[in-house]
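Chain nomenclature is as follows: A, B, C, D, E and F, assigned in order of appearance, with residue numbering initiated at 1 for each chain independently.
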């Protein structure tokens, strides 16, 4: 059950309204990484969650994001208000000006209506927490960019509040994920295929426009990594060499064969 | 530049086509966590990336996902093919049957057209890598659920291949993020507000339907955490106690005041 | 500022979960006339509202709808839960089953993601109240249809609660509109053109498939109504009779002419 | 069956084309409250309607809106035409300029494609009429705002025509609704729960930013209204006082309990 | 200006309503290749068209499609009507059943709302006519598939009427395009680059799953065609051979170099 | 299987970045007629195609379009890059600036996310080829317009390359269609109704705003064409003349009657 108190979580004060910046602020009101997206992602994950402790976490933060939605909406409203009557201002966001009379609406800076396609909800708690960590990181960088695009002290002050809270949430979700004690890279119940999972497919080769060769790094060398030449190139060469027998896809023979490339790829481990 | 080799990255063989399962498979073809979403997210992040080494990583995996798109599309196509002529089958996905003649299309299991709203691309490399780690975790769990919904050995075999590769990619993205050497919870350049960032707002209180009290855990106690009673309840009480002076939002006074609750919240640190 | 209490506004209890009905319930969770649509429409109208009294009304009801969202979401979650593991159930909503693991998501019964396009927000208070009255009427009829599609007493009980509240809100919005004291059919500030506004254009003529002639009723006869033969037919006849001079559209002559039909239409007032 | 006469319902003449205003005009061509939305909403309600008299009304007005679509489209086309070759003009709506060659398209002022999500069609005649009354009120205010954003006499003249007709339609739909003779607030067949329906939940409390207390008005006092303290606060207090027993949601016990707040809420009737 | 006559362009009669087939019929009501898409595509192309003769053609057919929309909508309505009260029927399209009360709505067979994204309108007449020829071909095949999915004689009869008209329109659009007298493959004003335009890039190589080699046909051999080995493979080999100098993309040197492959590709003309 | 080579298919060099033009370029990156739309339309048609030779063609061109996506994306990226830090530039596309940090995203010039609704895929090869011919014509004209909106030589050079290739593809698809040897206007298997198919319905009549009478041309006269007076007007007149008996739609009588107008329409063949 929800209750609303007629006070903002953070008071907002602005200098001269800047409709162009008000339009930009809509990114965090009705945009893909904005406050409604955060509020809904966490609240609905919480509704579906069977772990009572982390469900509480999801509801705590989901509710806070609703209060943030109100703060950023109030801030945007102040900047957009001149659009109702000022033609020049109206041009910054004609949809807000004409359809909305200068009021905020659940859309982003280019007028796209908010959509639940922005949400990442799987009903698998540790997966959802990873989605939330990433979501908070995105929201943080968007607030930072907004701060960089305004000089109004009051506006910056409110955005700094909201931006800081995203890091708070990122920390909380990270702690909640770690406290679940799942082994690294263990998602769900079915384990990945042992050898295959450590093969790195080098599917983009050649030299880049700035002369860079193929990159090596901890993401494809060391540890258990096995470097595999791109399957497509291997397939091409095995075809040229006459070592490949074409097979009928769709045939029902019950004995699927693994592609040569993935199984026999010569590793070039350093 | 791309090249295509007329061979699948993983051969697919199925037994009796199952149109209902073919419809489900569309989740990984044109769905929110499917292969086109992965391919596009990484390839476009790569296109925007200024770090040549991790750009190579993004292009390697982005290209592999295109090959996966072809594999899962071929698999779905086999299961959906009867829809062209079989009325009973057609009912499992009338859009595929009637508009598509039994061929696959870039939509999910409920017919929603694929949309770029599924993608998370910020142009901030470490943030994008976090989004990718979460994306791979989601894709893995979706493949696992698909495996659980079929008994066809050939289908399971192909799905196991695709599922395993998601873990490979999750490992690679994690290594790439860690190798950037950024401090924990450091996103972008502007630091969060020091005290505020460690305050946990208890915005959902009371006893749950199963009798659970408010949860404590590493996400709100220990370390630097400071527990703050929900701002809304504090505001309500300060209003009742007569200690709050309403302020005019939108007023331009240059000296925004922080909300009482966030600043003066009594911490309940353990 | 929002606060959440870990108790539902209305307790929900169900008998045997019915995944097919759970899918139908999504209409009121993430559908066009559902609880999120109501919550967002009123809360954002409230955020934009300059009338403090009716703003309070909008926030009261907008907040209640968030609590309803939680109730209907919990109810749907109970019915959908079997989808996670039961293949037969999964078929009722494969998107919920596979992408969501049997949890609710912000979509309707056909899997369409919730979109802000469902909302009607103009920033003109009396217009918004009219939109809200209509929205509550729609929500009421949808709940009634859901009640008619289930036999489960607990489910019916919760739906009856939610349905009743829609009438409550419809009454409140109607009283709020009437108390504004605006003259009937007075919207905004610019008055309609005097004669034109009372002309009823008979644009659909002939005899219907069941033999019905053109209908007359208080919507086109009596009072100030003037019946005008369809402009298109008049134009056709004036053209045949040679009484019409074609004019160049797009011509800038500063003296636009009203169409003959609208000005000279022979009224057939009873 | 439809027929088209090659003459506009209202001749349009403009002075100097104003591409920026042309872009704004798209709101009424392909926008949420525009002429296609009106035409489709009424025509499809008409197609579904079993009341032959009001079906005729719906078809009359639905057809007129198609003629309006043509008028506003012609007007917008005149203003947008320079976009084909004038770079400066093209910037006002690059989608129209580049994809459309300066021609109109079914999108709004921010380029969103028209979507049937704008429509409100329930198949319940009196509910549909309420949606139509609200739709006409919205369309009227949008035309008024457009008139306020241009100085071109010919453009204003055409918009005045279109705006006036919205009031005509609003009158007609109101008369049609009233002539159905349904009791006030009676929607569908199932009556709301007697006591509950008159309870007003005060879900937003405290003092607003401008010092406003909770508002009372005909929407929550007088008549049958019973004022109920917000359920969430009551629940919180009953929990603190130890008078609440948590119950297991999802439990199938056949005897759902109504929440305390709704049943026992102390009214504060004036 | 439009006028509506209360008679269908083609009378529809059905036997026993088939809600499942009614759902399928929505493809041609509110689907991507359906009658509204056709009506809107042609009417708006017509509105934008400067060629008075072909504008008349576009308006003739655009208007006819509106009458088809009414026919197919009436047909679907008959089949869907049982959904209002029959639970089993309701399951075939819960959105129609619950939100629409068994009435048709502008959506396709999977519930997707009609969107203007379906339309292809460029404002370049010959290009638009090509889009229309393709659109009619698509609509024809969709009607044929629908005919194949029903046994009801009355339904088949109406669909045969509608299907036949698509061929009529395809013929008319083809004649209109040919009568414009434009040289083959001449689109717009800027000619393509002479040699490049006849180069066929073999970007998919290898042997297919059924043993097919690279295909040759009139689309890549004979006439002016020059066969070019896939640019990507050429680039890879030139890089391996050390004959490629990486260049800095984004550098502003005024003398862009064409890729080696496209310019110097060794043709393998037969 | 796909492979990526780290070299563009066409090197791009620009002078001074022009963010406004960069925004326009997004039409061909993530817009309705852009490179991703082309790549996906052909690749998925190819995946569904049973004709091995034309499947190869579809894969060749589908793959080339992926390389084009990379070229146009790189070009747009160069022009958009200043948006990350330059406020004035950011205003040209705030979504790219704030959400994307100046990187490209799969959206069009007005910020609409790419959607699979742009694609035309029917699984009927000759129909798909017609859709592709039209798609290439549209893409060509869009590139031409982009060329006309910039003066930067390097940008023009790259766009000329991409534009030329569209004509190449148009030629190839046309040759592939013609080589199938299908009779003209023969789509699918069910033939259209003989007389009806050659009737041209004159559904838009009267004299246009510039005085044009109804147009005659090879699309409605000569050959097998039979001109039919608009069915709606005929129906109206037969109703006035008392020669029409209204019939009950929805009645199941097994003997549907064709409308009088279509059967008995007096032809006005020249």
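The rule is short, and it goes like this: a residue touches a chain if its C-beta (ideal position, glycine included) is under 8 Å from a C-beta of that chain, and two chains touch if they have at least 3 such contacts.
Only a predicted model underlies this, so the values are computations on that prediction, with no experimental measurement involved.
On superposing C-alpha atoms, the copy subunit B sits rotated by 180° relative to subunit D, to the nearest 5.
Each chain gets one centre point, the mean of its Cα atoms, and the points for subunit C and subunit D are 6 Å apart.
Rounded to whole angstrom, the centroid-to-centroid distance between subunit A and subunit F, based on C-alpha atoms, equals 32 Å. Among the residues of subunit D, those in touch with two or more other chains are 1-9, 11, 32-33, 56, 59-60, 62-63, 67, 74, 84, 99, 101, 107, 110-113, 115, 117, 122, 124, 141-142, 203-210, 212, 231-232, 235-236, 239, 244, 246-247, 249. A complete topology is adopted by the chain contact network, contact being made between every pair of chains. Across the interface of their complex, subunit F is touched by residues 20, 23-24, 27, 31-33, 108-112, 141-142, 145-146, 148-149, 203-209, 212, 230-233, 235 of subunit A.
Chain contact summary for the complex, subunit D toward subunit F: residues 1-8, 11, 84-85, 87, 90-91, 93-95, 97-99, 101, 107, 110-113. The touching residues of subunit D, when paired with subunit E in their complex, are 1-9, 30, 36, 40, 44-45, 47-48, 56, 59-60, 62-63, 66-67, 70, 73-74, 77, 84, 99-107, 113-117, 119, 121-124. Within the complex formed with subunit E, the subunit A residues making contact are 205-211, 235-236, 239, 244, 246-249.
Across the complex, subunit D meets subunit C through its residues 3-5, 7-16, 32-33, 52-57, 59-64, 67, 74, 78, 115, 117-118, 120, 122, 124, 126-127, 130-131, 133-134, 137-138, 140-142, 144, 147, 153-154, 157-158, 160-161, 163-168, 170-176, 178-179, 184-185, 187-190, 192-193, 196-204, 208, 210, 212, 214-215, 217-220, 231-232, 235-236, 239, 244, 246-247, 249-259, 261-262.
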